[in-house]
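See below for the structure under consideration.
Lettered A, B and C in written order, each chain numbered from 1.
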Amino acid sequence: MKIDDATVRHIARLARIKVSDAEAKTLENELTGILGWVEQLSEVDTDGVEPMTCVTDMQIHMRKDEVTDGGYPEEIVKNAPESTDNFFVVPKVVE
Amino acid sequence: MSDPTRLTIAETREALTAKAFSAEELAQAHLDAIETGNAALNAFILPTQEHALDEARASDERIAKGDTRPMEGIPLGIKDLFCTKGVRTTACSHILDGFEPGYESTVTQNLWDAGAVMLGKLNCDEFAMGSSNETSCYDPVINPWRRDGSDAKLVPGGSSGGSASAVAAYMCQGATATDTGGSIRQPASLTGTVGLKPTYGRCSRWGTVAFASSLDQAGPITRSVRDSAIMLGAMAGYDEKDTTSVNVAVPDYEAAVGQSIKGLKVGIPKEYSMEGMPKEIETLWHQGIAWLKDAGAELADVSLPHTKYALPAYYIVAPAEASSNLARYDGVRYGLRVEGDDIIDMYEKTRAAGFGAEVKRRVLIGTYVLSAGYYDAYYLKAQRVRTLIKRDFEQVFEDVDVLLTPATPGPAFALGEKSGDPIEMYLNDIFTVPANMSGLPGISIPAGISGEGTPLGLQLISKAFDEEMLFRVGHVIEQAAGKLPEPEDWWSVS
Amino acid sequence: MANEGAPAHLINSSTGDWEMVIGMEVHAQVTSKAKLFSGASTEFGAEPNAQVSLVDAAMPGMLPVINQECVAQAVRTGLGLNAKINLVSVFDRKNYFYPDLPQGYQISQFTQPIVGEGEVALDMDDGKEIRVGIERLHLEQDAGKSLHDQDPKSSYVDLNRSGVALMEIVSKPDIRSSAQAQAYVSKLRSILRYLGTCDGNMEEGSLRADVNVSVRRPGEDLGTRCEIKNVNSIRFIGQAIEYEARRQIEIIEDGGEIEQETRLFDPKTGETRSMRTKEEAHDYRYFPDPDLLPLEFTQAYVDDLAAHLPELPDQKKARFMKDWNLQHYDAEVLVAEKERADYFEQMVGLGAEPAAAVNWVLNQHLGRINKEGIAFEDAPVSAKANTAILKMTAEGTISGKIAKDLYDLVWETGGNPEKLVEERGLKQVTDTGEIEKVVDEVVAANPKQVEQVKAKPQTLGWFVGQVMQKTGGKANPQMVNQLLREKLDVAES
């Protein structure tokens, strides 16, 4: 599978990572190499094999419906690059 | 007083009880070692002196009252993936610059509850993505070991390179580490330390920065098998805050150390004998087989036919999960923000500046394999292969108690030697990844010295939740290997 | 298809008939104390980020743990929709970047939802019943809220809603008119409220609908649909559909093509408008959330929830009709709101005669409530007070007219009806002598009318009115009638 420039830019966009032209070129080669290498999996016959969902055999554990958390807005925004009145502040989002 | 930094955890425990030295003196000795040695090794990225001394003094009070806990006063280093309350935690990534969690990870909290003392935060590969500790935003960690007659800087392995290097260089008595594809066992092997990856679900993942959720598991790096058992006993346990943590009682791991292995069945998986594998690795493996045979174990050749597919499957599953786990680093709630023209521009610039090359590579691979039209061919295929890999182990473990394999395909390599080609770097984890893919516990035990004069490890893999088997058999290898040479101290400056 | 045979609700245009095809995705907030995957409160209206846990803010290393009540609520809802309950379901991550989505993904259910196919029956005003298929119901997290009006250059993000449990209920494209769509949402809301699984408060956003609308010539294949996002009132749903269908018809009739897109309804203009087209198509990269195991439960668990399910509107309606002989329409209106049905039942339980009670509740009580524009449960006249009023009327203690005055009096003063009747002397006068006295007065004072009534017996009513007026409405009307006939010599008509 050859990963071309357009694909690199498309997935970089999906992943919200800006890539320079030089980076895109390098990534094109690296991703092509890695994806080519993992393609050896196609040798494995997986017909009728269930994909793994959890590596250990266990049942999901559930919580009771109780309010046990929250009430510390200052702590929530403490590490934020920008905040006002306990709101996170981001560049204007146009809907 | 002899140098307390040279003692194992088990020895220190006795010395503290016997009041041979105080916990404060012990902490200070380690802080001094960090002070003199860290500039060369770069294992610690944030020593926490005052914190350490305060905790050590509290331990001394307890010791004075005879109210000691299992790891009372033991000085540890903490991989920077574990969130530590009020202490900067970054996963060695610029994207988390300046992040100070208001919470403590379950694993570290368990250690503090057991009396352990934090010396500081340890370097690692960025978001634990790497096998040489060269991807850290805090620069690489250096292995205290050097090749015979050379002063070339060697890598300690990764991603827990800081943990391995610090333990090997006597800057701490044990360190927390995490293992997603080999990040505990591979650096342990390359630094002559003991590295244990527990069964998936044995240690809580709560409060540990996630890389690949279905694979990540915390474990200890120590200088002996007994220390590993002591430390795992403190780290492990059920945590209701982690749905994937398993509610199984934590056994007395230390009790397994020293038990006979007579009559145990040890499997030797033939697929681990790979083409192009260095002769000395083969030789070491045979040596291990001989030791176990001498100790009364039965050896059996076994087959794990899908072994070679574990690594490529891993490089689909782990990046896929990582691409999603790392989406939260967006410049909104913590860490780095690079301003942009609008919100999307802010995201893209922040993530471009915050993530290093390897992290970007994996996030992009992960994004690609999950994207529309490729999901079935890559992600689902890999998860099916994973089922087969796990099945291989299940079948083999119907007949044998434990598996013996090499830990790494070779000894420590030089800085920059393998960082040019991602796949060559990925191949470092070829022997360790299958255990992660199957959720099984594995341990790396120092077993010999390479032709270059650097350490080599052997790996044991057991059934799920049978870490006791690893300690039991691992101790036999440790005993048989005898006292291995130590790295000559070139890193300390007085 | 469920609507086969039902008359099509066609839109006539100059070029012929058009048919609407509508499917709905309703997002209903699960009634629970804590969020789906964290212990933070779900209460509405808290200070910014005050109901946010470390998990909801997606702090590094945080993990979701599911709230068992949210699971139970989803199962109850599935049962209420006569739907298949899936004993194994899976949580997936839906990946996209948005500032009010802290994890960078929403935990949802994609390929294996907790509830599968079901059905809702709707009674339409024309007396016809139609059935709308349910495609699925799944559990997912709500997002936070971005405020855009606080600052010219910035948006403010509040994560209080982040992680609140939602049920997304997806219908089949079985709906053929805006009235059906409105009836569907009303019915769904009613079922959820009966079950106690969602409070149905559309103003606070507890229930909101995405409406998929397309048009086609009757009998032809489905047209291209547009999705109208987040419509938050039943009235708006009707307006949005009407506007959107006509917009699409106009485009097609002008030779254009419908572009599949997401649109927003603007309540001010009554129009839908295209949301700024996203620069790239969404690629949500769904995959099973590795932090959560598959959600599994037993049939016994489902059976237990089913055994404790409350009576639902359809069942209640059938019972009202059977036990108390209510008219279909009356029963339908009563059960549409659980509070209304409960109120009525309470009155009957206290001894009110069912036919009188239904009439009284739907006309007198509901009439006043609607006039005041308040919520049913906020009305100040209790079921007990209304029962007392009806009982006094039935026993002849008060007249029908006084009953209405008394009701208003109770509404305004909050007093006890029996006491008010005593205190204010509202009792119906049944003393023949007393009434006769007034009758005689009225007859004596109006000789002209007395002349008239001999020729025109139907003017007797005028005398009745005069007597009632003089007695303040308290005289027993039958007795007044009887006495007047005797005095004026007017035969029974």
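Note that in this section a contact is a pair of C-beta atoms (placed from the backbone, for glycine too) under 8 Å apart; a residue touches a chain by one contact, two chains touch by 3 or more.
In this text the structure is predicted, and so the values were computed from the model without any measurement.
Q: Counting C-beta pairs in contact, which comes out ahead: B-C or A-C?
A: A-C
Q: Need the central chain here, defined by C-alpha centroid distance to the all-chain C-alpha centroid.
A: A
Q: Just curious, how far off is chain B from chain A if you go by their C-alpha centres, in Å?
A: 23
Q: CA centre of chain A versus CA centre of chain C: separation in Å?
A: Chain A and chain C have C-alpha centres separated by 41 Å.
Q: So the centre of each chain is just the mean of its C-alpha atoms; given that, what is the distance between chain B and chain C in Å?
A: 58
Q: Please list all residues of chain B that touch 2 or more other chains.
A: In chain B, 99, 102, 214, 240, 243-244, 323, 327, 330, 332-334, 343-344, 347, 367, 371 touch at least two other chains.
Q: Tell me, which residues of chain A touch at least two other chains?
A: Within chain A, residues 13-14, 16, 53-54, 58, 60-61, 63, 76-77, 82, 88, 90-94 contact more than one other chain.
Q: Which positions in chain C are in touch with at least two other chains?
A: 54, 57, 65-66, 97, 99, 155, 157, 283, 285, 292-293
Q: Given the complex with chain C, which residues does chain B contribute to the contact?
A: That would be residues 83, 89, 91, 96, 99, 101-103, 105, 205-210, 212-214, 240-244, 320-321, 323-324, 326-328, 330, 332-334, 343-344, 347, 367, 370-372, 375, 379 of chain B.
Q: Report the residues of chain B in contact with chain A in the complex, numbered from low to high.
A: 98-100, 102, 199-201, 214-215, 240, 243-244, 246-247, 306, 308-309, 312-313, 315-316, 323, 327, 330-337, 339-349, 351-352, 355, 360-361, 363-365, 367-369, 371, 378, 380-388, 390, 422-423, 437-439, 464
Q: Can you list the chain A residues touching chain C in their complex?
A: 10, 13-14, 16, 53-54, 58-71, 73, 76-77, 82, 84-95
Q: Using the touch definition from the top, list the residues of chain C that touch chain B in their complex.
A: Interface residues on the chain C side: 54, 57-66, 93, 95, 97, 99, 102-105, 155, 157, 283, 285-287, 290-293.
Q: Considering only the defined contacts, which chain A positions touch chain B in the complex?
A: Going through chain A, the ones touching chain B are 3, 7-8, 11-19, 23, 27, 30-31, 33-35, 37-44, 46, 49-56, 58, 60-61, 63, 72, 75-82, 88, 90-94.
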